[in-house]
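Okay, so chain A shows up in both of these, paired with chain B first and chain C after.
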Partner chain A sequence: MTLTLRSVLAVAALVGALGGFIVPIEIGGADTDRVMIWPHGALLVFAGLAVLTAMAAISDRLRGPLLLAALFLVAHFGAYALISSLGDEAGKRGPGFWSLVVAAWALAWLVADRVAAIESRDRLKQRLLAIAIPALFGMWILILWEIIVRGFDIPAVLLPPPSAIGARIATSVPTLWADFQQTILKAVLIGYILGCGAGLVVAILIDRSSFLQRGLLPIGNLVSALPIVGVAPIMVMWFGFDWPSKAAVVIIMTFFPMLVNTMAGLASASAMQRDLMKTYAASYWQTLFKLRLPEALPFIFNALKINSTLALIGAIVAEFFGTPIVGMGFRISTEVGRMNIDMVWAEIAMAAVAGSLFYGAIALTERVFTFWHPSIRGS
Partner chain B sequence: MLQRMTPSDAQNSLDRVIDIKGVSLTFETNDGPVHALAGINLDITQGEFVSLIGPSGCGKTTLLRVIADLERPTTGTITVNGVSPREALLNRSYGYVFQAAALYPWRTIAKNVALPLEIMGLDRAEREARVKRNLELVDLGDFAQKFPWQLSGGMQQRASIARALAVEPGMLLMDEPFGALDEIVRDHLNEQLLKLCDKTNKTVVFVTHSIPEAVFLSTKIVVMSARPGQIHDIIESELPRDRTLDVRETPEFLDIAHRVRQGLREGHSYDA
Partner chain C sequence: MTPRVDLQKFLARAGPVVVVVLAIFTLWYIAAVLLNAPAQRDAYARAKVVDYSTGQLIADTTSQRRPVLPAPHQVVEEIYKTTVLKKVTSKRSLIHHSWVTLSSTMLGFLLGTALGTLLAVAIVHNRTLDKSMMPWVIASQTIPILAIAPLIIVVLNAIGIQGLLPKAFISMYLSFFPVTVGMVKGLRSPEIIHLDLMRTYSASPWDVFWKLRWPSSVPYLFTSMKVAIAISLVGAIVSELPTGAVAGLGARLLAGSYYGQTIQIWSALVMAALLAAILVTLVGVANKAVLRRMGMAST
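So, the complex of A and B:
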């Protein structure tokens, strides 16, 4: 067996699992000061299974899907056993525990490596694989986060374990939903639609008139350079505490990227394509709708994608400067003050998921509308 | 066999489609004026296939663009179908084929051919009938629902010819339409184009820098020279109208090709 990543990982898993047998798992339990070697039977079972699967992987006895399934099951059983051994009453984790963590992690890495190596011509399988690898990766970040935070007894104020964040999300659904409605559905969405829409329309107006090009473009440029922490309080003074002031901040943030991108897009049709429309005696609007706007679509979608994240940041930050007692930014700023860091993390998780879904929806729409563009048709 | 036409013996015939008298065009650039065209006199009658040939920079494309109203002459007069190029453009009296196919990638081939018809405001049934007819004319009937990037370069250029024909103009203006294609595809398309013109009796003005292409296609070859762009020689070809590629081996063909080459050399000499 040559020295490959796989062999190194399998050996690491084997050594880690054996280490669980040799060095102490736990130092000083709740009711005793003795060294506890096997406080949890599940850990013993995991250590045994890990040795077996690591040996199977090294010796090549088990191959293909069977080995993959074994690795997957043992790694995740290990994660379960390790996390469930972290009871509140438990004492300090010994080197044996961390040795087993390394074993589980090495097995999981082996799974990911083998899944990544799977090649399939089937469309559905390709899709599933494309989801499976990041899903596995993300899950193990959470697993290791949980184990490390709780294993080292890191204070929740610094970093709460994912389970605490999950529990907080589960118990705060009404609050989170209200914040989501206030920030995402009102401020972000309305501001985004108005800001992007205005950017698009003004780009077309500017394109039509050289006067506007000289007058409006520098002003748009100026507005985009305004710092959000300066603009947000002013918007609160102008439009009140509720969501309209946040939507206004979002409009200011999203307007200029859309304006500049659309203008670049409108200028991207080639001279030959324009001449073609001229030879058809096409009107300005016919040329705009049949040639220049379709040609500008990749640029417009770029702006929509950039703006989807800008809008979220803008709305959340704007809520730091005066808001009714609801909203994601409000919640984050007050819960930080109350040391409820798990709630802050719950809001962050929601913002991350909402932002990713928002971005994903735009990227999907882009694929539908610009299927013809070389960057998407892939040739 | 060959007869020399001088610009002065322009007759006033009724079937004259393009009439160019003393046209000059000067572009003002940062490096001073560029005389793209100087004193061009040319008439083209119905059903003629006229090639404009010359070295690059001789203004052959500019002349075509003047006819198409994509450029305005600085001096001189030009009429197309008896009216100004602008009016001729608004009457949709020509179809223009560019160096590249310039098909819109977001439209299928059929939709691309339908584009000028949409702009003209034709109804759906008429559009569909014309698209079908013209795609069949260029042998692309089976590719109507494909996208341009799924077709070869030759097929794309054929689609762009179908698009120009769909307007049903009396005249085709073609600017090196086959310049980017390989020799074999080019020969094939030349033959097809000739058949097509026979079938439809269109007037064609064709810009090229290939001597065999010009001689093979044309009834009249206009040899141009550069700086300033002017007409050096006009050669009437009396090769039979229904030619095949074999005609290129005949002495008559080689004769005309020789005269074109000589004209190009003379026009070019002071510049070499």
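So, the complex of A and C:
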């Protein structure tokens, strides 16, 4: 048997599961010093199943979808058993517990490895696989986070487990919604639309003057690399504490990437294509709307994507410099001060979801509008 | 190529830039006068100065102590005062603050580049990691990570890590992303024909990496590093905000905004811009030097 990643993982799962039988699960408990695996029913079942599936994987007795299903089920039953065994207030987790964690993790990795190796010509299957593998990865990050934080008794002030963050989100929906409205719906969206719109319009306006273009392009590139977030205190001074000052920061941050990218995009139509438009006796505006703007769309969408992240950062950071008592940046900075770390993580989770949805929406729109572009057609 | 043609080329490239920069400064002065004029008129009214000339008004609006928008020469003067005239060890020296920011920028940039390169190597060599991790690397940047800056600072502070490292950590988080994305592209940039050639030599994966993949990814590395160092500086500045304005350019911004010292804010801002421009230029120079030594310089 050659030493591949798969065989290493299978052996790791086997050793981990066997380790669960040999070394104590708990040490330094209330009544006894060490507790072996025997009183923990679910863990016992998991360890047994893990030994069996790991052996099956190593010996090649079980193959294909059947092995995949077995690995998947055992790994996740293991995650469930491990997390629920954390619930009872027992002593410290012993090496046997961590050995079982390693076993479950190795099994899950085997699943991912096998799923990643699946080749499919079917479009729908490809799409599903492209979602399933990262989803599995993300879920196991959460599972390991939960197990490690609670298993090692890491204080919630440092890092709360995902379950606590979830509970916090569920109990403070009104606050989160108010912050979402203030930061995302007002500051980010308005600033984003105005900033991107202004960048686009200015790029089109100076399109006819090559002098202005040659002057503005290097400056725009330079400004794109500058720490523009720094204007936040100035904007707060000029426009007050409420959302207009945050929107102003977002406008300034999103303007230059849009300007530079649109200028590059408008220049991207080839001489051949322009000549063709000329033979049609197309006017400047016809050429612009029928050839050069569509040709610039990939660049414009690129800027829209970059700006979606910048806009969120700009609005949240600007809130550190002064806000009314609502908003995501405000909540983060005050709750950190009050050591309510789970509330901070709830805000971060919401920001992450909002950011990903924002980005996803732009990416989807891009697919609709630039369906002809090689990068979209190819996938 | 005669020097004269060179000069002409240079003028043709620099001319428009100079004109636009001059236009920006002119607009800045006009905006400064317009924005500061109301406060100045109030001041005149209070001092019962009635007959002031427009020239005097303009002169006064561009020399207020706490203007709404300081004029460029005020900012330059403030920078001169706080860099050349102050001792470097002084708490008011802008050089001292820039150094604080620069050190965490550089540490974060180096860590981020190392992490980003390692991730890219792992992703290129392992299909599972490629499929499972790459989407999360991209998703990690849709999270406004700067929002977490105060959290990271406070939490690391609670377990006894202070000073440079937490700030560098934030810079690292921001800067690893462009490096990972660029390096994945770069390490995959060798053509199949080259990889096949390596196979006919029966080269080990180690040799393929060091003799083919790594050299061909160097241009990508430098392009990503330019983005990474700029964003690393942003991370360093923002991470100085929640530490309660101790030191650094971010702290100067925060202190300036607390006390309404607009000139101080603007001078910190200009300093940050200068720093960013210098750092990006340095990476660009290193890029050219390395590529020339590797015989890959484009003439």
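Note that in this section the second predicted complex is superposed on the first by the 344 of 379 C-alpha atoms of A that agree within 3 Å, B and C clash if a C-alpha of one lies under 4 Å from a C-alpha of the other, contacts with A are read in each partner's own complex, and residues count from 1 in each chain.
Convention: a contact is a pair of C-beta atoms (placed from the backbone, for glycine too) under 8 Å apart; a residue touches a chain by one contact, two chains touch by 3 or more.
Computed from a prediction, not measured in an experiment: that's the story for all the values here.
Student: Touching A:294 in the superposition: chain B (first), chain C (second), both, neither?
Tutor: Only chain B; A:294 stays clear of chain C.
Student: Contacts for A:278 in the overlay, against chain B (first) and chain C (second): which applies, first, second, both or neither?
Tutor: In the superposition, A:278 touches chain B alone.
Student: Thinking of the overlay built on chain A, is A:373 touched by chain B (first), by chain C (second), by both, or by neither?
Tutor: So A:373 only meets chain B here.
Student: Quick one: chain B or chain C, who's touching more of chain A?
Tutor: Touching more residues of chain A than the other partner does is C.
Student: Could you list which residues of chain A make contact with chain B in one structure and with chain C in the other?
Tutor: none
Student: If we count contacts the way the header does, which residues on chain B are in touch with chain A in the complex?
Tutor: Chain B residues touching chain A: 68-70, 89-90, 92, 94-96, 98-100, 102, 104-106, 115-116, 118-120, 147, 149, 167.
Student: What part of chain A is in contact with chain B in the complex they form?
Tutor: Chain A reaches chain B through residues 270, 272-273, 275-282, 286, 290-291, 294, 297, 370-374, 377, 379.
Student: Give the list of chain A residues in touch with chain C in this complex.
Tutor: Within the complex, chain A contacts chain C at residues 5, 109, 112-113, 116-117, 129-130, 133-134, 136-138, 157-159, 211-216, 218-219, 222, 225-227, 229-234, 236-238, 308-309, 312-313, 316-317, 320-322, 328-329, 332-333, 336, 341, 344-345, 347-348, 351-352, 355-356, 358-359.
Student: Residue numbers of chain C touching chain A in their complex, please.
Tutor: So the residues of chain C in touch with chain A come to 13, 16-21, 24, 68, 126-128, 130-136, 139, 141-148, 150-151, 154-155, 158-159, 226-227, 230, 233-234, 237-238, 241-242, 249-250, 253-254, 256-257, 260, 262, 265-266, 268-269, 272-273, 276-277, 280.
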